[in-house]
Amino acid sequence: MTGHPHPPPRASLIAVIVACGLIGLPLLGLALRAPWPTILDQISRPEVLSALWLSIECSLAATALSFAIGLPLAVWMASETSRWNNVVRALVLLPMVLPPVVGGLALLLAFGRNGVFGQYLDAWFGIALPFSTAGVIVAETWVALPFFVLTAESGLRASDTRAADAAATLGAKPWRILTTITLPMIAPSLQAASILAWARALGEFGATITFAGNLESTTRTMPLAVYTALETSPEAAITLSFVLIAIAAAVLFVLRKRWFPTGRTAR
Amino acid sequence: MTGHPHPPPRASLIAVIVACGLIGLPLLGLALRAPWPTILDQISRPEVLSALWLSIECSLAATALSFAIGLPLAVWMASETSRWNNVVRALVLLPMVLPPVVGGLALLLAFGRNGVFGQYLDAWFGIALPFSTAGVIVAETWVALPFFVLTAESGLRASDTRAADAAATLGAKPWRILTTITLPMIAPSLQAASILAWARALGEFGATITFAGNLESTTRTMPLAVYTALETSPEAAITLSFVLIAIAAAVLFVLRKRWFPTGRTAR
Amino acid sequence: MKLDASIGLRRGALRIDAHLLAGAGETVALVGPNGAGKTSCLHALAGLVRLEHGNVRLGMRLFDDGSAANFIPPEERRLGVVFQDHRLFPAMSVLDNVAYGPRSRGIDKRIARATAQEWLERVGITKRDEKPVALSGGEAARVALARALAYEPDMLLLDEPLAAVDASARVTLESVLRSHLANFEGPRLLVAHDIGDAIALADRLIVLEAGCVIQSGTADELARRPLSNYVADLAGVNRFVGHCQGSIVTIGNAELTVVSPIDGDVVVTLHPRAVSLFPERPTGSPRNVFELRVLHIESLHDRHRVQLTGSLPLVAEVTTASVEALRLHEGRTIFAAIKATELVVSPH
Amino acid sequence: MKLDASIGLRRGALRIDAHLLAGAGETVALVGPNGAGKTSCLHALAGLVRLEHGNVRLGMRLFDDGSAANFIPPEERRLGVVFQDHRLFPAMSVLDNVAYGPRSRGIDKRIARATAQEWLERVGITKRDEKPVALSGGEAARVALARALAYEPDMLLLDEPLAAVDASARVTLESVLRSHLANFEGPRLLVAHDIGDAIALADRLIVLEAGCVIQSGTADELARRPLSNYVADLAGVNRFVGHCQGSIVTIGNAELTVVSPIDGDVVVTLHPRAVSLFPERPTGSPRNVFELRVLHIESLHDRHRVQLTGSLPLVAEVTTASVEALRLHEGRTIFAAIKATELVVSPH
Amino acid sequence: SHDDGSLLIFAAASLQGPFRELAESFAKATGASTPKIHVAGTPQLVLQIREGASVDVFASADTVQMQRVVDFGRVHGDTIVFAKNKLVIVTRPGNPLGIRSLEDLSRDGLRVLLCGPDVPAGRYAREALAKASITVTSVSDEPSVRSVAHKVALGEADAGIVYATDAKALGKRIEHVAIDPRWDVTATYVAANTDGDLGASFVRFLESKDAERILMHHGFETP
């Protein structure tokens, strides 16, 4: 970074306090009710461990899928070469506004055993997504993809295309320009996009339970386990939530150095 | 924009097709089941109209709140002047991974009538958030804020600080630099952040029903109405979902020109 | 391989309509005032902006003729472009920036880096692992040049490659360019606003003004008969447009006596060295004497350029000794004499 | 108000330790090779990089002494900075870019815009509503200058303000700067790599090399006794370091006879005009004759600079006529003669 | 009670249909303003009550959950059983696999869907299966009878066990098969006054003839 670190305006501290209050107080409330002494017992229960593992596995898979599908999609949308991209953008955003349960229902209608598309999956390949781990991944991807796409696209739109022009004159084909020039430049956006998609997938509940069902060690991710626990013991649910929170915080902490380096990227 | 429009790599079309399939097929499935002839009757029912109106109102209010709190927060986080910002970032992200129902529970624990903080709200100001429209807004903001903050922060991190340096030498104080130089430069990120937050708020269900309840014309937003309808008539639920989708698509369409101008921003 | 381009396009309010020719191995300098469209022409040749009409040909290849079907994208043109704003890749090390072109051509990473290293050494850059943000302005310019040359292009398009480069390095870079140019088959187009750079490197100058080619030729040809005030400024000569009747040229309020009588509108050019300055009105032979006021004195290395204003705005070049002898200073009134034989008159 | 700065900081591998002085109303040119730290010094003065040690004072005000407590942020320094890379505000119109400084000072929007409009006219920019992306390189440089001047700063810091500006506009801008400078109380620091710009605008030159001030003085002083090869290059003179015994100076393999005998290590400088070239070994008086090979011929306006290589690397300046008469071309062997009286010898 | 003085009633999601009508009918009968009804999953309602929701009447789909509210000390007076619901087997329209009884659910390869054991409907279904000594593995522990019904209707599962009321609400999209009365387990809906007198009047209303008619119309049985 050339130049001096611009101090944030003083007033921003107010926002920090309000936000910490808004978000921190409820978490504090949860923390106060959590039966801490039993938390270790809870965590070591095999069904909790399996839910945890499934959550991590599926959310990472969904993030990877969102990346793989969302990135080229964002590139296509940002390049404005077709007048279809406004239509596609609207389409991609719709899963965000749909209540997850309806999303799950929609997935069933499309990819269920008798679904528009699912019947062929079943008949031709013998693949049934509902009640399977693959179904969890599909549901989470459906929910997470829009977040990835929109964030990545905004990064691409804000990015400076002059270096890309220079790369083109040096013989780089679009694909090479993308991977060597554009993506490194929008790395912060891609990181944010991945985190958003991952967090959304990790916390996904409605679409998963509707589409993939709630089967221990196959489709019961942590949020489903939390929900199930809520039926009988809110305390257990809170404990499980904290496990989820701890996992998320740990992952963010580990990635902190890599994803949020100390200086801003500068040109 | 200097330079020629870089065509997206051909391969990106595959992603477009996959994404359209993944997202479009379920919507198609829904559309096939929707009782289209009755849709007008549905929409004109007063309780649907009130849910629609409430949804729009609350989601916009939540977006505005997310903007007002999230933007200064993002600025503070991106400026790296404190080593607390990693902690704050992790905190802000946690609502994303928490299943919304647990989020609602957490909000109840904090801002409910017996909540850590809510008891004072009630005792001192006579404000009770649960089962009130304000509660819906709080719940939606809680859920939407992290999406806003993370997207805005990524935009800030990717932004070039050289123009900000120049502004400082011209006597601009941090606040003026922010509003006149930095924010216009990261406009695409802010737009994406707002859309994400808005969409998330519009589709919010779990936290709202848990924290604010499901009361017609006070807290029953469209997703809650969809949930309620699902209990008795899936057709009605699908119709309502389409109303929600239509509203979102309409808003995006209206904003299309302003928010997604035809050229990329260039320096 | 020769470049034959007729460039027709619009940039904001500017309409560019320029015909550029450069032979195989020839170096052509594109000069012109700011905003004349030099960079835009270069970008059109590179394929970064599209033609509206006209066409661009390099050797046998048609690059663009305004139609989408015949447009060859930049990555297939094989040109070495140095951008006015450098445009280094911010996320890559300096070495990888220079190795980028060879890598695009499919050259093995190790070899590409070795080539890049050589080019960096040639342009005098030792920072190879730093990111471009850690380069000074002149260092960035050199890396940009190295990057374009390392690509081994068919044509070089250099937009002010030496504008940010210091005096010593300029000599080195000029010799790098020259030695490279010596065994280079393709044409080179060099944008320069500094006539020194243009003369040092180019065989021929093309002057672009407001999107149109005004004049083209060697520096001497330009100085001898500048077709516009800009060219005169560039070549450092005086230029007036007037009307000639017999041997008297009327320029505004002033009258000049010339040797060879022509009738009609004429352009008169005059080298600043042909203007002599006197403290008093000289009594000898020169008939063209004007009483003028000193507007500004600019010191060159060993001479001074004196800008004069009055009935005939003139630039005179005098030695440092005469500046002292005449006690020249801004605002002083002085007599300027011009020998009729030094005036070059041509029909307008 | 005078500037008194002693700048100590590190930039990557470069350690800067420079003392810069500029009196009230004085214009100082900071010259030096690429990567010498000129821009870094300017940024330190502007408060964009912090000092590690040393201090910066303008008039009575202490801007920075390396401690956080005494650091005055850039927005409170009131300086007019022109950046080497312009740094216009991309999202704002050209007019608003220039009006930004006045607006920061709380001036009413209408008045600020009127002021901006005036400054734009002065620098010759007519595009006022366009975004900076629609400007050419030279136009952007002028807007950057207008923006710094419109702020009415206490000190001007100009980083290569004329590097991208064309020949005609350069004259205009120089006069804008000069007329502005005339009734300006504060000091100005001008970074330039072109000695022409530096001489045209500055009262005094400070030469920075590798972060250290090597020499300071007027252009003449620098040319008379260049303290480094860079300064010699800049001033366009030959410079050698050698050992003198009696009246013989040994420089590598070559020996030069000088007039005034000194003993010890010496620096010898010599103007290129004092070198005469002969096709055959001259038989007359000059004792310092060297058989050299022509490395390169550079044409200046009316003269040529001939770079020679051999036992003594020399630069000679000859008229165009002699280039032709001697049939000079690269690679030709020639005899160069130096009059002992033209050699300036000083102890090292 | 709610801000504007009207009653606030918490009702289990499956009670949503009749309670709208019950509220209107109650208003007509007593002249009070129409009570507001908040429907959500019973566990959510219990949480909300625990966290201080100012609710007048709580109508639970389950005695266990009601007991927890009683334990919080929020119940004034007695809890009353105001409705019952039978379990039925649901299949796809036309009953293609010919499922006639609980025993048929244990057939090999049959995909049966039940609610989770922690959900009342799931618990009841398992009780019924246990009574009949039939072992059935559910493909998934569904969160609600509604989602069981939907999935059977969509053909994701071949059969499921839901409440009679849900089967009725889905109408022709689903076929239902009664369970042999021997094995039948009946769900009981309980309500309690959790606030002042107005709440008590609504609880009393639930036992009225009007209420009985409305509940029966929605497929419930009355005690």
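We call the chains A, B, C, D and E, going by the order they appear; numbering starts again at 1 in every chain.
The rule is simple: a contact is a pair of C-beta atoms (placed from the backbone, for glycine too) under 8 Å apart; a residue touches a chain by one contact, two chains touch by 3 or more.
Note that the structure is a prediction, hence the values are computed from the model and not measured.
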item: Chains touching both chain B and chain C, listed by label; value: A, D
item: Fitted rotation between chain C and its twin chain D in degrees, CA, nearest 5; value: 180
item: Chain B-chain E separation of Cα centroids, rounded to whole Å; value: 34
item: For chain C paired with chain D, centre-to-centre distance based on mean C-alpha positions, whole Å; value: 21
item: Geometric centre distance via CA averages, chain D-chain B, whole Å; value: 55
item: Length of the line joining the C-alpha centres of chain D and chain E, rounded to whole Å; value: 88
item: Sites on chain A at which at least two other chains make contact; value: 1-4, 105, 108-109, 162, 165, 168, 173, 185, 187, 227, 230, 234, 265-267
item: Contacts with two or more other chains, residues of chain D listed in rising order; value: 47-48, 73-74, 85
item: Chain E, residues touching no fewer than two other chains; value: 44, 47, 150
item: Interfacial residue positions of chain E with respect to chain B in the complex; value: 2-3, 8, 13-14, 16-17, 36-40, 44, 47-48, 51-54, 146, 150, 153, 169-170, 173
item: Interface residues, chain C side, partner chain A - complex; value: 46-48, 73-81, 83, 85, 87-92, 100-101, 104-105, 132-133, 147, 151
item: Chain B residues touching chain D - in the complex, by the definition given at the top; value: 1-2, 162-163, 165-173, 176, 180-181, 184-185, 187, 265-267
item: Interface residues, chain E side, partner chain A - complex; value: 43-44, 47, 50, 116, 118-119, 139-143, 147, 150-151, 154-156
item: Interface residues, chain D side, partner chain C - complex; value: 11-13, 32-36, 38-39, 84-85, 127, 130, 134-139, 141-142, 159-160, 163-169, 171, 174-175, 178, 193-196, 199-200, 219, 223, 229-230, 233-236, 273, 296, 298-302, 307
